[in-house]
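This structure is in C-alpha cells; I'll ask about it shortly.
In order of appearance the chains are A, B, C, D and E, and numbering begins at 1 in each one.
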Amino acid sequence: MSVLLNVTDLESGYGLVKVLVGVNLKIESGKSVVLLGVNGAGKTTLLKTIVGLIKATKGKIEFDSDDITKLKPNKRIEKGISYMSELAIFPNLTIEENLELGGYFKDKGENKKRMELMFNYFPDLRKFKNKMAGSLSGGQRKMLGVAKAFMSNPKIVIMDEPSSGLSPKFVKKVIEVVKSFHDEYKTTMFIAEQNVSFLDIAEEVYVLDMGKITFEGSVTDLKSNERLREAYFGVA
Amino acid sequence: MLSYALIGGIMYGLYFGLVGMGLNLIFGVMRMINLAHGDFIMLGAFLTYWLYYLFGFNPLIVIPISIVVFLVFGFLMYYVFVPKLLHSKDPEMLSFILFFGVSQVIEAIIILFFGNNQISVPSTIFAKLFNVSTFTLFGNTFPISWLVVSVACIVAFVLIYVYFFYTKLGYATRAIMANRHEALVSGIDVNKVSAIAFGVGIAAASLAGVMGFFMIGAAFPSMGTDLTTISFTIIVLGALGNPLGTVIGGLIYGVAIMLMQTYFSSWTNVLPYLLLIFVILIKPEGLLGKAVRNV
Amino acid sequence: MSKEAPKYIKVGTLYASSGPFAKPSTAEFKGLNFWVHYVNSKGGVYVKAFHKRIPVKLVAYDDQSSTATATTLYNQLITQDHVNILVADFGSVLTSVAVPLAKVHKILLFDVTGTGSKFFTPDNPYIVLCSLPTSGRWPYTLADFIISEKINRIAIVYSSNDFDQSQAVTLHNKLKKAGVDIVYYHAVPSNTSNYSIILHNIKAKNPNAVIEFGYPNNDIAFLQNLESSGLKFNMVFTVFPGQLFKLLKANVGVKALSYGYTYPTPPLLRYNKVNLGMGIDKFEKEFEKYSGKTPNFLNIAGYNVGLIIQKTLETSKKFNQLAFRKAIAGFSGKAFTLDGLFKVNKEGAQIGEMLPVAQFVPRGQGLKMNIVYPPSMKTAKAVYPAP
Amino acid sequence: MYRKKGIIYGLGITLLVIVLFIFLPNIYNNTSFLFNLMLYMALAEGLNIIYGFTGYLPFGYVGFFGAGAYSAALAILFLHFPPLIAVLVGGIGAFLIGIIFIPLLKLSGAYFAIANLAASQALYYIVANPNLEKITQGPYGISLANIYNPQVSYYVMLSILAFSMVTVIFIRFSDYGLALLSIKEDRVSASLAGINVPRERSIAWGLSSFIAGLSGGVYAWYVAVFYPTTVFSLEISVFVIVFVLFGGIGTLVGPLIGSLVLYSFYNFIGISTPQYFQLSYGLLIIIFALFIPNGILSIFEKRGIHVP
Amino acid sequence: MSRNENGAILKIEDLIKKFGNFRALDGVSLEVDKGKIIGLAGPNGSGKTTLINVVSGVYKSNDGRVIFNGEEITNIDSHKIVHKGINRTFQIPKPLLGLTVEENIRVAAVYGAKDKGKIEERIEYSLSTIGLVDLRFKKAESLTSTQQKLLDLGRALATNPKLLLVDEIAAGLTQKELKMIADMLLGLKEKGVTLMVVEHLMGFLDMITDEVVIMNAGKEIFRGSIREASNNEEVIRVFLGG
C-alpha cells in the first residue's frame, strides 16, 4: 500500500516554545490511525502543523507524495485533507451554512446528498439547521464538526478529539460514520482521541509523548505494553 | 412638507447606505476599523472631478472606472497592510491607528498635489445629459440627479447582495467573517478572498465619492473624517458586519436628517447620534444583528 | 525699547493649509506675502523710530484651521520668535485665540478679517481690525436696500457661527424695525451641505427674498441645491460670491449666480483714488506679475494689512507696541486704500469700510456685476424680481 | 514585592516629570507647547485607565474633555467661581457625564467605541446648538479673557498630570488593576471570580472621565477663548488613542512616551515643514503600526526590561 | 438509600430558560445534597450547561426558583452568587487569557471569597490542587484546553466555594488522567465541598459517585444509581444508545 501522509523529523511550537521535537509518522492510504497522548503531549500541535496552521520549524511533511511543508493551509486542504479542529465551527453561520462550507469544493447536488446523510446520523443538526452554530451546546458543536469533516470527499480525514463532550450514544454514531466512510470510500483516518471505543476501529496506533512518537503499532501491541495499557485503558 | 421629507429622506438615505457600505464590508470580513474610509470617498470625488475637467467624462462613465481603479487599489493595499496586522495581538485596535495613518497620508498627498481646494462638478450635469432637470414623485419635485444617484445606489446594493449571498466568493467571504481560522482549514484562500472583499469595500467607498457631489455638495481634501464618523453611525445602526443592515442604517439616517431639517433644522446634527445611542442601548448588536452565545 | 535698529522687522503670522479655513486663509496669506515681497524690493519698510528703511522678514506657521494648534503657534511667534508685528490668521475663529494672548504679552494684534465684535473691548488696546468692518455692520446697506425696494416677506437662513449669526441678527432687527415681514428665520449647522429640504421649506413660506448667510461652503451648497431643485425666488442673497467670485463661479456656474445678490468687495469694487499703497488697477497688475493669478478679495485683505503695518511703522515715533497703536489712531479715518477707508474706533474695531449691495446679471457667456445700493455708488438699477 | 518596586519606580518617575515641567519653561518658553504636552500626557493616562486596563476603547473620550471645559467655563461665567474651583467643577461635570454614559459599558469592542463616539458627538452638537446660546453660547465660543492666567494654569495642569500618573500607578500595581484586567479578558469569568463587573468598570470609567474633565477645565482656563469645535474635536480623541497605543497600553510610562514623541514630532515637524508634516506623520504611524505593533515599550519588554 | 441526611444545599424548582421560543430548560427540578457529589448526565443539548449557567447567574431564567442553603438566589448577579459560595467551571474553558496562571487564581482569591484573610495560602492551595504549580508564571493562553479547564477549576476553588458545579472537566483525558481528576474531586468532597459534576463518561462518574441525574430536553428524566441508569430504558434510548 502507498504512503499517503509521511511526516519526517517534524519540529514546531509556539514562538520560542518547542512542542514537537522530531516527530516521524507514515500513514498508509486507506488506514484508520488513532493518535494517543496525555494532555499537553502535543497532539493538537501536531495536527495543526500538518494542516499548516502552525509553521514547521524543521522537518518535512509529504502528502500524496508531494512535499506540502511550505504550502498555505488552503492549498493543503485542496489536495484532499479534511481537518476538524477542537472547536470546528463558524459561530455566526447557520448549521446548514456550516455544512455547506465543509463541502466547499463540491457541487450543490452532491452537497445536498451528503448533508442529508449527516442529518440522518445526527438528527439534532437537522432540527436546528437554521440556527446559528454559535448557540449550540458543546456536544452539538462536535456533531457539527464531525459532520462537516465528512461533507467533502477527502483522501484523509484528520480529527482532533471528535468524541470529547459527546454523549455515549453519539460517540457510537461518530464511530459508525468513521467506519462507514472508511469502508465505503476507503478514506484514510487520522484521529487524535482518548476514548477507548475508538481503539476498536484503529488499525494502527501512535502514542505521542513529550513531543515525540514513543509508540507505533497495533492495538494488540499497545495492550501488551503494560505502562501504556494502564495509561490508556485504565487499570480495570 | 412631510411627504417631501420622507421621500427625499429615502433617496438621501440610499446614498448614505452606500457611504457606509464599504466600511462595513471591511469591518465584517477583516474586523478592521478603516479610519481612512472617508478618505477613499474623497478620492472617488477627486477622481470624478479630474476626469470631468480633463476629459469631460460624465460621472456615470466614471463609475466603472473608479470601481476598477479602487478595486485593484484596495486589493493591493490589503496585501501591504492586513496580513501583517492580523499577526498582532489586537488587530482590531491596531487597525484603528494604522488606518488613521493611512488617512493622514492620503489627505496630505491630495493636498500636496492638488492643493487644499474645494471642488465640485456642476450639479446640473445629469439634467443636461437627460434633458430634464427635475422629476416628480407623489407630487414632490426633486432634482434629477437624486434619481440618478438613487438608482446607482440600488444597483450597487443589488450587486453587493448578489456577490455576498449568491456567489461562491461571497460565500467564502462570509465564512471568513464567521471564523477566519476555520475558513483557512476549510480550504478557502483566505487572503485572496479577503483582499477582494477589501477591494470591494474600497471601491464602494469611491463610488460614494463619485456620487457625492450630487448629495452632499462640494468635496475637499479634509472631508474624510466627518464621513467616516457618519459611516460608523450608519453601520452600527444596521449591524456591524451585515451589509444589508447598512442599507437600513442609511435609510434611517437619511429620513431622520430630512425630518429634522424640516421641523427642527438647528438640531439636525445631533439626531443621528442620539438615534444611534438609543438603538444600541435597546439592541446592542444593531437592528439586524444577532447575538451569539459565549458560555 | 531697544535703541538699536533691528536687522529685520519680524512680522509673524499664521495660515491654514488645511481644514475649513484653508481657502480664504491661504489667499489672505498670499496677499501679505505679496506686500512683504513688494516692500523688500524697495529696500524694506521705512521705520520712523529708527529713521531708516528696514527689510521685513515674515515668520509664518501652519495652524491647519485648528484653534488649539493656533494657540501654540501664536505663542511660538511671541515667545520664541519674538516677532515685532503680530498678524492674525483669517477669520474670527482663528483670530479669537490670539486676542487674549496678545493682550497678556502686550503685543498689538493686527487683525485682518477677524470681525467678531467680542474682540473689541475698552480694556484691551492690543488689537486693531484692518481689512473688514465688524460683521454686525455688514448688512446695514442690505437692510436699507430691502426697505427702499419695499420688498416684503423675507426668508433668512444662516449658518450658526459668530460671523453669520451676527449678520442675521442685525438684518433681522433692522427689517423688523422697518415693519418688514420675516417669514422664515432659521439657523443651520455650519457644516450643512444639503439645503434641498430647507429650500423647499422656505418655498412653502412663499418669500420675496431669500437671504443666506454662510461660509463659502454653505453658499456653494446653497446655490447648487437651489439650481438643481428647480425652485425660483425673486431675490437671492449670499455672502461670498462678492469675495470669492472665481471659486463660486467654478463651483456653481454662471447660471446659478445670475440675478443673485451679494456684498461686493474689491476687486469687484474698484478703488483707484487711494492715498496709501497701490490702487486696484496697479495692484492687479503687480499681483499678477508676482503670483501669475488675478487677485481675489482675500489677497487684497492680506495686502491691505501690510499697508496698515507699513503706515504704522512710518508714523510711529517709538518702536513699541503701544506707540504703534497710537500711530494707528493718528491716521485712522485719513488713510484710504484699495480696500476703502481705514477707520477704527477706540476699541480697535473697523468702522470705515462699508459694504454695498451688488447684483450679478448675465452678460454674454459671463456675468456683470452691478452695484445696486447705496444710491451714491449705484451703477444700475436692481433687476427685481429676477426673471 | 514586585508591586512595591513598581510603585516606588512609578512615584519616582512622577517626581521626575514634575521637576522637569517646573524647570522646562526656563529653557524653553513656548509654554503653550509645554502645556499642551502635559495636557496630552494627562489625557493619555486618563484614557489608559479605561482602555489599557479594561479594554474599552473610548473613541469619544474628547467628550469628557469638552464637558470639562464647558463645565468649568460656565461655572466661571454664571457662578463666578474662582478658576481653581471651576477646574474641579470641570472634572465633576465630566464625571457626571461619565455616569450618564455608564450604560454604554454594556457594549463591547467596536460597538462600545462607536457608541462612545456618537455620545461625544451628540454632546458636542448639543453644546454647540444655537438654541442654547443663552447657556452655552452655542457655536459662538466662550471667552474667559478676564481671568486669563497662563502662569497659574500651567502649574494646575502639572498637578493634574501628577494626579493622573499616581492614579495609574495605583491601578497598575494593585489588586484593583488585576480585577480590571480580568474584566478586559473575559467579563463572565471575571464575574465568576467574584468581581462586581459593573461596579469596578464604572469606577475606572469615572476616574478616566474625571481626569479628562479636569484637563478640559484647566485647558479652558489656559486658553481663555475656545469654541465647541476646539474642545470637542475628534482629533483629540484620535491623538490620545494613538499616543497611548504608540507608547504601550496598560503601563505608566507608555502613554507619557507616546505623547512626548508624537506630540513633539507633531509640533516641530508641523512648524518647520508644514506641507510635508501630515504626510510624514501619517507614514510614521503606519510604519509603527506595522513594525512595533505593541508600542514602544514592547521593545524593552522583549529584552526583558520591565517598565512600570 | 436516604437522600436527605444532611439536607439539600441546592434546590432547583421548575426552572425554565427560553432562547427565543426554544426551551433549553423546560421546568427542571432538582436537589443537591450537602456534602455529596451528584453526577449530571444526559444527551447533548439536553440543558446541562444551561442549568449551570442559570444557577451561576450567567443566564437569567424565565421562570422557576433556585434556592441555595435555604435562601432564594434566582437570577441574582454572578459575583453575588460567587460570594454566597457557589462556583463553576466551563465546558469550553474561559480562562483570563492574557493573565498568568497565578494571576488568574489571585484575582479570584481576592475578589471571590468572603473571607479576605489568607489570600496567599488559598492561592497556593488552588494551584497545588489543580497541579499547575509549575506553570504558575505562564500566560493562560499558552495552556492546552485541558489545562485551561483545570485553571477554571482553580479559579473556582480560590473563591472557597461550598457548592461547585463542574462542567465536563474530564472530556478528552486518558484513563490515567481520569483517575487523577476523580481523586481530586473526591478530595474536595472530603474537604466538605458539595459537587455537581456534568459528565458523559459513566465510567468516570462511577468513580466519584453512585447517584446520577439524567436530563433530557430540559427536564430530569431519571435519578438514581448508575447501575439503575444503565438499565433504564429511556436512558438507554436517549443517552447511552442501543
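The rule is simple: contacts are C-beta pairs under 8 Å (C-beta built on N, C-alpha and C of every residue); 3 or more make two chains touch, one makes a residue touch a chain.
Bear in mind that the values here come from a model prediction, so they are computed numbers and not experimental data.
Trainee: Top contact pair of chains, counted by C-beta pairs?
Mentor: Result: the chain pair B-D has the most contacts.
Trainee: Among all other chains, pick the one whose mean CA position is farthest from the mean CA position of chain A.
Mentor: C
Trainee: Please identify the chain with the largest separation between its CA centroid and the CA centroid of chain B.
Mentor: Looking at centroid distances, E is the chain farthest away.
Trainee: Please report how many Å separate the Cα centroid of chain A from that of chain D, as a whole number.
Mentor: Between these chains, centre-to-centre, one finds 50 Å.
Trainee: From the C-alpha centre of chain A to that of chain B, how far is it in Å?
Mentor: Result: the chain centres lie 42 Å from each other.
Trainee: Report the inter-centroid distance (CA atoms only) between chain B and chain D in whole Å.
Mentor: That gives a centre separation of 31 Å.
Trainee: Roughly how many whole angstrom separate the Cα centroids of chain A and chain C?
Mentor: For chain A versus chain C, the centre distance works out to 77 Å.
Trainee: Mind pulling the chain D residues that touch 2 or more other chains?
Mentor: 125, 129-131, 188, 235, 275, 277-278 - these are the residues of chain D that touch more than one other chain.
Trainee: Could you say which residues in chain A touch two or more other chains, in rising order?
Mentor: Correct list: 135.
Trainee: If I count partner chains per residue in chain B, which residues reach a count of at least 2?
Mentor: Counting only residues that touch two or more other chains, chain B contributes 107, 111, 266, 269, 295.
Trainee: Flag every residue of chain A that touches chain E in the complex, lowest number first.
Mentor: Those residues of chain A that touch chain E are 14, 17, 36-40, 44, 86-87, 124, 135-140, 142-143, 161, 164-173, 194, 196, 230-235.
Trainee: Mind pulling up the chain D residues that touch chain B in the complex?
Mentor: 57, 103-104, 106-107, 109-111, 113-115, 117-119, 121-122, 125-126, 129-131, 188, 234-235, 238, 241-242, 245-246, 275-279, 281-286, 288-290, 293-294
Trainee: Which residues of chain B touch chain C in the complex?
Mentor: So the residues of chain B in touch with chain C come to 1, 4-5, 8, 12, 107, 111, 116-120, 122-124, 127, 133-134, 141-146, 214-218, 220-222, 226, 258, 261-262, 265-266, 268-269.
Trainee: In the complex, go through chain B and note every residue touching chain A.
Mentor: Going through chain B, the ones touching chain A are 171-172, 174-175, 177-179, 181-191, 241, 290, 292-293.
Trainee: If you look only at chain D, which of its residues touch chain C in the complex?
Mentor: For chain D paired with chain C, touching residues are 29-33, 36, 125, 128-131, 138-141, 143, 145, 148, 150, 223-227, 229-230, 233, 235-236, 267, 270-271, 274-275, 277-278.
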